[in-house]
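Heads up, the next two complexes both have chain A, just with different partners, chain B and then chain C.
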Partner chain A sequence: MSRHDVVVVGAGMAGLTAAVRLAEGGATVLVLAKGVGATHLSPATIDVLGYAPDRVDRPLEALAAFAERHPGHPYGVVGAAGVAAAVPWFAERFADGPLAPYAYTGTADENLLLPTAVGVLRPSAVVPETMAGGDLRDGGEVCVVGFRALKDFHPRLAADNLSRHPGVTARGIELDCVPEGRVDVNALGFARAFDDAAFRKDVVARVAGRLHAEERVAFPAVLGIADPHAVWSELQDRLGRPVFEIPTLPPSVPGMRVFATLRERLRRAGSRVVLNNVVTGAEHRGGTVTGVRARVGLRDVVHGADWVVLATGGFASGGVELDSRWAGREVALGLPVAGIPAPGEERFGPAYFGEHPMARAGVAVDADQRPVGADGARVFDNVLVAGATLAGAEPWREKSGEGISLATGHRAAGLILDAAGSAQRSAVAATEG
Partner chain B sequence: MARLQADVLIIGGGATGAATAWDAALRGFDVVLVDRADLAEGTSGRFHGLLHSGGRYVVKDRVAAEECVAENAIVRRILPDAVEDTGGLFVTTPDDDPAYGDRFMEGCRAAGLPAEEIPVAEALRMEPRLNPGIQRAFTVPDGAIDVWKSVWSLAAGAAAHGARILTYHKVLDLHVGDGGVTGARVRNELTGEELDIEAGFTLNASGAWAAQIVHMAGIEGIGVIPGKGIMIAMNHRLVNTVVNRCTMPADGDILVPIRTVSAIGTTDIRAADPDEIPVTQQEVDQMLDGGERLVPGLRQARALRVWAGVRPLFQDDRSGPAAADTRDVSRGHAVVDHAERDGVRRLLTMSGGKLTTMRLMAQDLVDAMCRQLGDERPCRTEHERPPGHEDGRHMQIGDRLRRREATLRDEQLICECELIGRSRLEQTMQTRGTLNLDDVRRQLRLGMGPCQGGFCIYRATGILHGVERLDGEEASASLTSFLQERWKGVWPILYGDQLRQARLDDWIFQGLLDVEHLPEAAAVVPDEELSAS
Partner chain C sequence: MTAHDHHDVLGTLMRDSLDHCVKCTICETFCPVSNVTPLFPGPKYVGPQAERFRVPADESPDDSLDYCSGCGICTQVCPQGVHIAEINTQARAKLRERTGFKLRDRIIARPDLTGRLGTPAAGLANRTLRSRPLRLVAERVLGIDHRAAVPSFAGRTFQAWAKGRTSPPAQRRVAYFHGCGANWYEPDSGQRTVELLEWLGCQVDVPRGQSCCGLPLQSNGMFGAARKYVRRMARALAPAARQGIDLVGTSTSCTLMLKREAREILGMDEDPDLRVVSDNMYDICEYLVMLHERGELRTDFRPLPLTVTYHAPCQQQGHGVGKPALDLMALVPGLRVIENDATCCGIAGTYGLKREKFDIAMDVGKGLFAQIGDARPDLAVCDSETCRWHIEQATGVKTVHPVEVLHRAAGLS
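The block that comes next holds the complex of A and B.
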């Protein structure tokens, strides 16, 4: 049986954040995950709060009132201070990360309005430098460039909808550059193509002469995976104007950049991520977990730990499940699931964009992020829950997913480091006394 | 108002209407078919896909059983490419009386249905997921039929013989004069334009909506009670053979493998309105319990989509052969002769029936018309194949994959679940000229696989935007209406893996694309405001 100070379950935004902060704080950490996490699906913008339900321009200011209106929301647990601390911490991880000088920009004080692949202006707070040039709060002219071989991005559709926003003029062009001669290439394939100087040169040659004087240029978020800063800078230089990326359907290239950066930070701090580990339960003495059981292939392995951070995601990631008799289950540790309507009551409503009674289901926690049952009592003293597993939020509609994952992962690590530090101090005090 | 003339006006573009158009066109009549929506969008497109052997009816409805026996063989012959020869099993579950099997076999013999009792062990070898507690098993020639393919090729065949197929044309009124019906006023639901159709004869093949149509000719005393049946598509071929419960027809007792899924059905619940047939969670539970009885563990499988259709259960005050109002009465069909019943000539209504006997229903309807017209022309549909079935080969589960593999390196795959390539999609959009992605779904199965459009809807919208040269507003309307249509079929069955899928789709549409906040449709500014500013 291996033994670590902390086992983190899940390798998405929340799990990696908690793990890096813990490892950099001196803890020995093991990240167990079934597979790569939600980073590979996510647009990789740090959305703190975009709609509540009206559009939010200044998320940090709006947080306190928002949390008050939604009791049990993760933002009520971490508070604005938790978000304010976590966001700059995240951006700093990129400073001398493996993709540096690729950087994040922006603050949680205000939202930018960035185009989506269907041409909506979407509020995001902190974003890759390669996306920030798409901020259209003050309008502007945009030429959206796409590729016929990339079926997951439709530049003319995006441009037509962008032009419906006041002050925005946009048009789309589609290029026939075909990496490796294939007709069907996904975002990662294009990102690899952009890492190649010859491909970039070809793209620039096809675009340069077609631009209007005031236009900025948008590309799908595929501008390089090995050295995105260099790819983006070169395109800006050669086209002589701002260039920016628009996130599109998974796999998410900017999300992979986040994963690569955090995993490398973790490695440098002496810890690691181990995939293909399905956590199936906890060994515990009363309310204290002593280790987690993980299935690797056909074997069950127990990893001992003083602390566990559970960050397996929500229903979308398979961290929480619902069976056909409408019983909810947290899959890794068997924690209770809150927010599922009783039998006979409506779980979902008939209008897609309407209200859905079970939209906020998940694991409920107390002020210290410990899981609680229906009676409010802690289930385990040394398990902390972070990210989309948490009950109380509607991350996609609120545009709050990454903010919640980042802030709750960051805070979970802080709570553990504090508790371990004070335990160590009292141990030292006891010896000295 | 624009005018159109025809020998025959057919109202309803479901299986009955399409088969009737094919039949009448083959006999040389000049045909116009109208439907208020798309082909097979009503009851026909919302059934389980079972090509009946007749086994379901042998005990209590001999006539219906005999019709099925004959028509099953004919449909296989004339629409082979829409039929998968799955074969069928009737099984006695632990909850059923084994003695019913004897009545079943006796009924099969009487109806001429080739059924055979096989040892339980052999049935379990054929279908390993079957309930191991079954007590008896019988084989029958059931099959699976692709209803869209059938209806489209019947309509295409009719069109090839001169028929005009007008989808999205709603009947507003029937013209009555000279002791009978002389045509109808219809409205193009896409453009709002009205059209006058002068017809020598009118055939009402509108199924659950038939009473609404005949009321327009002042005919009273006919009602149609919509009998709601729900079905759930499970994401696997849990069985490769149609599995029926060997008992009196009940809820959730048929499991049909159709293409890459299997459909469990069905219920029979009276609905107030054929256009209002919501599915309840309780009905879903009933279906799943029924399915568990046939295939234990069905609840753990992934449910893809649920839908409801309405059987047309006729009620006639002058209780004739057409009277029918519960599951216990004939699933057979009858032609209502309004000249005889109501003194209204040149109008016939098809009542009752089922998809398996669509060809026979069409034949009976057109025969009755010929008799009234005194213009007997022989029916040719028993041997003639409509377009798309020339090679006479049955559909096979691997056909699509084989076709797809041939073009793998040359063509983008737009819908991975249903293996739809870009050129096929663009071609369909061009020929249909529709802005409604749901029309494309019915024709190509776009978005009908496990991800329920999570990945292909955005792509299809982008492609539609280009093909049809739409503006952002029109394209966005297509996108959001398709999302709503898709949601309608999934929200009552969101549990297990399909809930996970739905959340991933939310991630894409709400999180990544933020479809919810697409710009509002441009408001029309009144003239005064323009001049004031």
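The block that comes next holds the complex of A and C.
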């Protein structure tokens, strides 16, 4: 049995954040994951709080009142201070990271309004530098450039919808550049093409003469995977105006940049992600977990740990499941699932982006992110829960998913480092005394 | 370690895992082949999507499946537990049953047979393999790319060496699964493995009757023959496993084959010999790290002032045990190890030998080769033999198994 200070379960935003902070703080960390997390799917903007339920302009300010109105919400657990600490920490991981100088910009103090692929303006707080130029709070003229071979990104649709926003004038153009002669190419294929100078030159040549004087230029978020800062800067220089990325449908190139950066930081700090390990249970003595059981291929193995961070995602990632009798199950450690509406109560609302009580189901925690049962008593003393596994949030409606994962992952690591530090100090005091 | 009841991955349930696909495209972003060639549409498409349309009596809806290298990376990254690579391998076998097997594939899928034939006339055989005109003929007639790295026959076998010696008795006994690679092509590396294990305090049995584990046959879709090979190998290794002796192998794709793939892909879970072999099989670095975790590994390695690169091959990553070779090399004083950030070197067993796939294999490996070139290492290190041959040929850097590094650090060479 291997032994680690901490086993982190899950390799999404929450798990990677916790693991990197722990490893950089000196802990020995093992990240076990069934597969890659939602980083590859989501736009990789840190959305702290977008709607509560009205649109939020200053998320950090809004957080305290929001948490009060939503008892049991993860933001009530981490507080505004937890969010304020996590955001700059995240941005700093990119400085000196594998993709530097590619950077994040913005603060949790105010939301930008960035276009989505269908031309809706979406509140978002901390975003890749390559997206920030899309902030249309003050309106503006936009030329949305798309590619015929890139499915699910329709520049004219995006532009038509954008033009409905007051102060925004937009139009779309579609280019016929096809990387490697493929019929259809996904976002990553285009990102690789943009890494190539000849492809960029071709794109610039096709766009440059067609722009109006005041227009900024939007591209799908495919501006390079190896050195996105260089690709984006070059396009701005050559086109002589702001250029920005609009998130695409999966795969998410900006999300892959986050994954690559956090994974490399983890590696540099002496730890790694081990995939294809499905955690199926905990070994414990009373309320203390001594190790996690994982299924690897056809075998069961036990990884010993002093601490466990559970960050397996919610229903979408299979971290929490529901059976046909409406019983919830937390799959990795068998923790109680809170917030499932009782029979007869409303489970889903009629509108897609409306309120859905079911969305709040998950693992409930106490103030120190320890899992608790229906009676509020801790289940395990040395397990901390982070990310979409947590009960109490409706991330889709609130636009809070990444903010919650980042802040709770960051704080879980901090709590463990503090506890381990004070345990060490008392051990030293005991030997000295 | 205990065996789990794996009802969710064996038999028809493994194929049924395709129902869990949510079309998230994560597998596509990692597939080394679809990322370099438009000939292959990627794991999501040929795996869970196309498999729905592969109805027993009907023709397969697509032949692009043939371009899947079987590297297994898609299965590793899929967050929904879809066994994409395994589904592909099974579908490919059905496709080949319909289209027939090429003579080339029949040959390259039987490294034991070529080993048996080439070994007595190693000099001549090696000259043939290194002769450009003859390789061009082989490319035209058989479709084996003339540029692809092929092994040399050693002219002697590891088994002959092992037969002539007895391992000194020790408390810990292990049985060495050497397979065909060490036997016919790299007997030196087999010898070093035995010497290292003995230095580490193990008594090493070398079970007789080992040949090829059947992996190349499985990859090339010849499931019937592959099962025969698996059964024969399992029969050779099972007696040791039944005595409670751990089985340790140095060929990482072959240990994976007997640990997991033969049971999952060839559907051989009922074979009692295979079950006991599978439950007790370890890749050598995995095994040594396990000993280290128990505080039972000798670690008085001597300093080795070298710079090496380490590439964890895709098949090693299929074990799901991290990168134990790095943990072991970290125990060697003075050794500087540069970890490569690459998932696959391109060769994927016999894939890159094929004329129509050699260029793809080189493109897949490009990033890795550049990293190795930039590092200017004394040695490149990698756990799988076909990958080592491919990397060495592509980079010109001598490429060795981690055991070779430890053997030197133990002062044995």
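Here, the second predicted complex is superposed on the first by the 424 of 433 C-alpha atoms of A that agree within 3 Å, B and C clash if a C-alpha of one lies under 4 Å from a C-alpha of the other, contacts with A are read in each partner's own complex, and residues count from 1 in each chain.
Here is the rule we use: contacts are C-beta pairs under 8 Å (C-beta built on N, C-alpha and C of every residue); 3 or more make two chains touch, one makes a residue touch a chain.
Just so it is clear, the model here is predicted, and its values are computed rather than measured.
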Given the alignment on chain A, is it a clash or a fit between chain B and chain C?
fit
Look at the residues of chain A and decide whether chain B or chain C touches more of them.
B
Would you check which partner chain A:275 touches, where first means chain B only, second means chain C only, and both and neither mean what they say?
second
Chain B versus chain C as contact partner of A:182, first or second or both or neither
both
Check the residue A:419 against both partner chains and state whether it touches chain B (first), chain C (second), both, or neither.
neither
Touching A:230 in the superposition: chain B (first), chain C (second), both, neither?
neither
Regarding the shared-chain residue A:154, is it in contact with chain B (first), chain C (second), both, or neither?
first
Using the touch definition from the top, say if A:41 reaches chain B (first), chain C (second), both or neither.
both
With both complexes overlaid on chain A, does A:352 touch chain B (first), chain C (second), both or neither?
first
In the overlay, answer first, second, both or neither for which of chain B and chain C A:91 touches.
neither
Touching partner for A:163 - first (chain B), second (chain C), both, neither:
first
Minimum Cα separation between chain B and chain C after superposition, in Å, equals 5
Contact residues of chain A, present in both the chain B and the chain C interface
41, 182-183, 250, 316-318
Could you pull out which chain C residues touch chain A in their complex?
1-4, 6, 9, 22, 24-26, 28-30, 35, 38, 75-81, 259-260, 263-264, 278-279, 289, 293, 317-323, 339, 341
In the complex, chain A residues that touch chain C
1-3, 30, 33-37, 40-41, 180-183, 186, 188-189, 192, 250-251, 256, 264, 267, 272, 274-278, 295-301, 316-318
Per the touch rule above, chain B residues touching chain A in the complex are 278, 281, 288, 299-300, 303, 409-414, 422, 455, 458-459, 461-463, 465-466, 470-473, 475-476, 479, 483-484, 486-488, 491-492, 494-496, 499-500, 503-504, 506-508, 510-519, 522
Could you please specify the touching residues of chain A with respect to chain B in the complex?
41-43, 51, 55, 116-122, 149, 151-154, 156-157, 160-165, 182-184, 247-250, 314-318, 321-326, 346-353, 356, 395-397, 399, 401
